[in-house]
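Structures follow.
Here come two complexes built around chain A, the first alongside chain B, the second alongside chain C.
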Partner chain A sequence: METPSVAYFDCLYILSALGSGSGGTSHSELHDLGYLACLLSMLDDKPAADWGYSFSATRASAPFGRALTDAMETLLSRGAISSDARFLLVTPQGEADLERWARLSANARRLPYLRGAAASALSLTFPAFSSGLHEEPQLRASGSSGGVPRVLNEGPAVNLLHHHFEQLTRGLGERRSPVVAGTVWMTYLTATAVSGDD
Partner chain B sequence: MTELDLVKLSALADASFVAKAEQTYGDTGVDRMIELLGIVREIFHAVPYESFTGSVLVAIILGEDEAVPEFATADLASVAELTGNTGPDLTVVRLPSGDLLAHHGAVLVEDLPGPALVFERSDGDEVFHVAGEVLAAQNPVNLPSVFGQATFDDLGSAVGSYHRDLARASGCLILSNCWRDPKRILFNPKPEASMRRSLYQFLKVTLRHPDGQVEVRQEQNVDETHPVDIKVAWPHGRIALIEVKWMGKSAGKGPQVVDHNHARAKAGLAQLVDYLEKNLADVPEHITWGYLVVFDGRRRQVNTETTTVDHDAGLHYEDDDTEFDPMLLGREDVAPPARLFLRPHLN
Partner chain C sequence: MAETSSATSFERIALPRVAYVRLQDFTLFSADRIVEADVPGGVFCLAGANGLGKSTFLTAVNYAMTGIVPRPTLKFDSPAEYLKKNLSYADDYFTGRISEADRETCEICVAMEIGGAMLTLTRSPFEVESLRDLSIERGGSIESFGDEDGETRERLFREALVAESGLVSFDQFVFLQLLVLTFDERRHLLSWDSKVVEQALYLLFGDDREQAENAAKARRLYEQQDSLARNTQYQVTRLRSQLEDLRRVVEENSPDDDVDLVAQFQGHEAVRDEVDERVKRSEELLSDEQLRLNDDVAAQVELRSEYEATFANIMKGTHDISKHPIVRAAMDDRRCEICGSTNTESVASISHSVSESACPLCGAQLSAVDAAAEAKTYERLEQIDAQLEALNESASSHADAIRRYKDELESATSDLDLAEQALSDFMVAHEGHVLSLTAEDGIGRIAQHLESAIQKGLEQKEVHKKKRDAAKKHWAEAQRDVAASYTAAEDDFIPLFQDLAESFLGLDLSIALEERKPAGLQFVVSVGSSTRRSANDVSESQRYFIDIALRMALCQYVVRPDSPGTLLIDTPEGSLDIAYEVRAGDMLGRFGTGGRNILITANINTSQLLLEVARTCGDDRMRLVRMTEWTELSDVQRASEDLFDSAYGAIEQALGSR
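Then we have the complex of A and B:
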């Protein structure tokens, strides 16, 4: 199956935004941010199917989007991103590709959600951000699936997610842009995660 | 958790520097703020935040004015050129063209050549200046630095950093509340819960592994009667069981004093080995090792009437390590214990 072109853009944008300040971005962090960006588009009333590719929860209750991994591998082989076997970085060629692809309308439409995800992660330590994201209702619910990987955005956990969204909307009011929603939501969930009330 | 605290959400939005950047400057503001956060992280990656004893100011000039500020003394091809910087202060400015300028000195926000998004670290506080407002970085665990905090994939390094950056001077809010008095002479009763929580929070936001999230959980049951204090699980099945103990004296309002010393630490190691034996029986497929962390607040010749300590009384035990049973210490699944000496507030 062909990798959706939007997955290449998402991969490059996320890695470029997160930069080299923490040594780069890990494979799992790439998926965390891609997943959050997808959720922010759903908060903005876009259907999950419109995102262009799907996510499932791993046995470790982490989000995983196959298309992102496939895109990452292709971009590595093209030299648009580099890896030191631990973390991923965008190369100058990748930055040039990103600048060119950002002008395409399909990619430009995703920018608010990708911005929201990137700003959320950069406002916290990366482990704190991941801990917060894993408090998201669907990922939390996936932990009780007995270790069986499950597709996200389906089943009763989606109702919990929408309930979260309703409350976020009430709490943020008119300030509910993807960027504000993302940063506030992740800061809130991170505080919950580190409170130790597992 | 299904109900969110709407008041808290609203307060977070009010305090968000990212929201302020978007509100004032739109998408451009968000893009510049993301770049600013990236540059700040790169700076602290190149130069540890602890090396700056003065102020760090990083600004992205908005608009199109390319005027070079008078204070700028160096062009930077990249932030990496700052590696090895030894000055107490640093100012970095990014012009609209993308050019980076540096000044190894302190600069006031008012002296910047035009509207800008600004990060400032000074006196341990990290704030953002956006359109005349000063907004604090979100720091749910009260780290010394949100953007300069190193992350670790090994527990020993993380605990070492925790001791050095937070515990030694009881800089963590939770840990500071362990003490009965402001000079940090005696603990409050039963301080171990707070110590565990403080360490747990730090590990939760600093343990990072390239292959996936590191799970950190408090009070995990090894069996039906014995909870281990903290459990850390890395990707690929490696697990660490952390037992937390303390040494020193604790007292409440009354005269009774609880006094823990080396015997307590030794008992902690024995308890940890007991956990490891049980864990080995239950889940032999996991690679599990044990880690004892001892919070050491011992002071020399103090009691409930003591209100101050001098250097000798306060630091007498700083280098006094416990001699553990070599049979237990020599186990392959036992890591070297970490004794975290907590310094008093000296006269």
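Then we have the complex of A and C:
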């Protein structure tokens, strides 16, 4: 199955947005941000299927988007990104591709959510961000059920997610940017992770 | 062989004379299992007390001869219908008179003389159109039909009788026997029943007796179609009345201020129609937008597929080996990323492979990056992207339009409900006016149906009238023919009647045949200068004996004297005074002595009628039978038995005195 074109764009954008600070972006950060960006589009009443690719929860209750991994490998072989053992970096070739691809309308429409995800991550330390994201209702439910892999954004746990969204909407209003929404939500989730409450 | 009347061209007929009667196990006559009597020519008088079964005896004799007992209420239409419709009544009549124990064995035997034959037959009262026995004697030889079945014997009897009579069919004989030759307890008067008179004239005076049935059919068809035409007219009149009532209701409910209400009604209708139009328009627009959106989405799916494929091609076909991380590390760090070697020759080897577009690891030749091709592919990708964007905007626009039309449709539907409710409320509040306002349905349609039904009724009436008129024409022709035959016979026939009737009434009496519309031919009796058209124009007793005189005259004129039949008369004395009793007796007696036959039943009393008959006939032309010997008398009658004996004695003495 072909890797959707949006996955390449997401991969490049996330890596570019996180930059070379701390040596680059890890594989798990890539998937975490990709997942958060998808959730932010759902908060904006976009259907999960419109994101272009799906996510599943691993045994470690972490989000995993297969398409992102496939895109990453292709971009590596293309020379658009570089990798050492742990981190990924965008190359100048990658930046050139990113600039070009950003002009394509399908990619342009998802920029707000990618920006929101990146801004949320950059406002926190990664460990805090990661543990906060694990408080996302679906990932939390996955962890509660013993870490059985499952497809995210489908099934009954989505209702819990929508409950969070309703509260966010009530608090932030209809006119909110994904950056604000993402940052506020992650702050909340992080705080929840710290306090151990929901 | 029939004889021709001297005055006319019609042939005289022969009718059967009753010669012998035997009743077996006839419960009513309980004195003996078998009651029998020889019936000599002249007058045969069965005299008895009330309730002994005199009328039943006459009915039984006629039943034996004809096979039927007439239903009291059945009106005459034609000889064939008369026979057919009376076939089943005998069972009802005799069931009350014959016990269950005698039902199987009860029989009536009659021997009758007609023409040159003696027909002797036996019937059960409960077997229809079947004879238990039959024998026919002709010229000294007797033919018995004991081996045949009952229906065959019946058929043979009928054929023999018709052949001897000169009539055309057995039902014609039944008609004459029961309606002309029999004056029974029903008191059915021949003179004043135009249908019976007409049929009798056809049979007795007509040139062609075959035409008697056709004439009866034509009359029946005329009466039937006339009745249908009148009924149809009645229906039409009723429908017209309903239509008038309908129109009156509408007019009464349309007062002067109707103009304003009409305007209001039309206003409500206009609003309703306008909103209805809005609903329809919204539905159409919504449907159009949905179709356009579907179109855009379908185009998007196709383009998206091409977009992804194009992008995938870019990803696949633009590998620059110099950009591979391992190669870059080797080039930049001058160190092999796989083994860690920093040998300059190894690094130079890598550089060389890259410059030759060969894989430094396996040596495979790589196709050079075609920048122009890639640029072209990107160009295509951008084109597709632009198209997708345009489709996206178009779909978004259609989605917005769909939302708007759905809102408009919802609003228009709601408005339509309100408009229809307003119209309905108006119609309920002004119900009467609505009658005239909704011409295309409701009252208007009812009026149309009525008008259509009226038109159809009028058309149907014309059909019936045409059929009636055609039947009347045939009937009229038959009437004219028979009237002509009768007229030819009048000079001989009327004196016969006058002689008989005047001997009873003692008055100047005449009879004439008139054609009365629509009743048909009818006899009209004139007593002195006064015409008595209706039966009620003469007294009861006068009525009866005028009628008997007519029957006698017909028998004398039309029936062969050598086979004159038997006139059956049931207790005719009624309420005559002494003078008329004598005259009646004289009339009957002279008939009996004139070579004709009467079988008469009478109450045994001090009446002068029987005494006069006896005096007139004498014992060579009259036989008296004491019916008191046939059955059990009641206590009252037994107590007065000597009175009966005295009365019988007087008559027997009168018989011997001639």
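Quick note on the criterion: the second predicted complex is superposed on the first by the 193 of 198 C-alpha atoms of A that agree within 3 Å, B and C clash if a C-alpha of one lies under 4 Å from a C-alpha of the other, contacts with A are read in each partner's own complex, and residues count from 1 in each chain.
By our rule, contacts are C-beta pairs under 8 Å (C-beta built on N, C-alpha and C of every residue); 3 or more make two chains touch, one makes a residue touch a chain.
Just so it is clear, the model here is predicted, and its values are computed rather than measured.
Chemist: Based on the superposed arrangement around chain A, label chain B with chain C as either clash or fit.
Modeler: Fit: chain B and chain C sit side by side once superposed on chain A.
Chemist: By the touch definition at the top of the document, which applies to A:S82: first (chain B), second (chain C), both, or neither?
Modeler: second
Chemist: Scan A:P4 for contacts with chain B and chain C and give back first, second, both or neither.
Modeler: A:P4: touches chain C, not chain B.
Chemist: Looking at A:S123, would you say it contacts chain B, chain C, both, or neither? Reply first, second, both or neither.
Modeler: first
Chemist: If we overlay the two complexes on their shared chain A, which of chain B and chain C does A:S54 touch? Say first, second, both or neither.
Modeler: A:S54 contacts neither chain B nor chain C.
Chemist: Can A:T69 be said to touch chain B (first), chain C (second), both, or neither?
Modeler: The answer is neither, since A:T69 touches no partner chain.
Chemist: Which partner does A:Q93 reach: the first (chain B), the second (chain C), both, or neither?
Modeler: second
Chemist: Does chain A have more residues touched by chain B or by chain C?
Modeler: With both complexes superposed on chain A, more residues of chain A are touched by B.
Chemist: Give, as a whole number of angstrom, the minimum Cα separation of chain B and chain C in the superposed three-chain arrangement.
Modeler: 18
Chemist: Shared contact residues on chain A, chain B side and chain C side combined as an intersection?
Modeler: Correct list for chain A: none, the interfaces share no residue.
Chemist: Spell out the part of chain B that touches chain A in their complex, as residue ranges.
Modeler: It is residues 1-10, 12-13, 16, 18-19, 22-23, 27, 30-31, 33-34, 37-45, 137-138, 140-141, 143, 146-147, 149, 151, 197, 200-201, 204-218, 235 of chain B that touch chain A.
Chemist: For the complex, which residues does chain C have touching chain A?
Modeler: Within the complex, chain C contacts chain A at residues 307-309, 311-312, 315, 318-320, 322-325, 328, 378, 381-382, 385-386, 388-389, 392.
Chemist: Which residues of chain A touch chain C in their complex?
Modeler: 2-5, 8, 74, 76-80, 82-83, 91, 93, 100, 103-106
Chemist: Residue numbers of chain A touching chain B in their complex, please.
Modeler: It comes out as residues 17-23, 26-28, 60, 62, 85-87, 111-112, 115, 118-119, 122-128, 130-131, 134-135, 137, 140, 160, 163-164, 167-168, 170-173, 175, 177, 179-180, 183-185, 187-188, 190-194, 196, 198.
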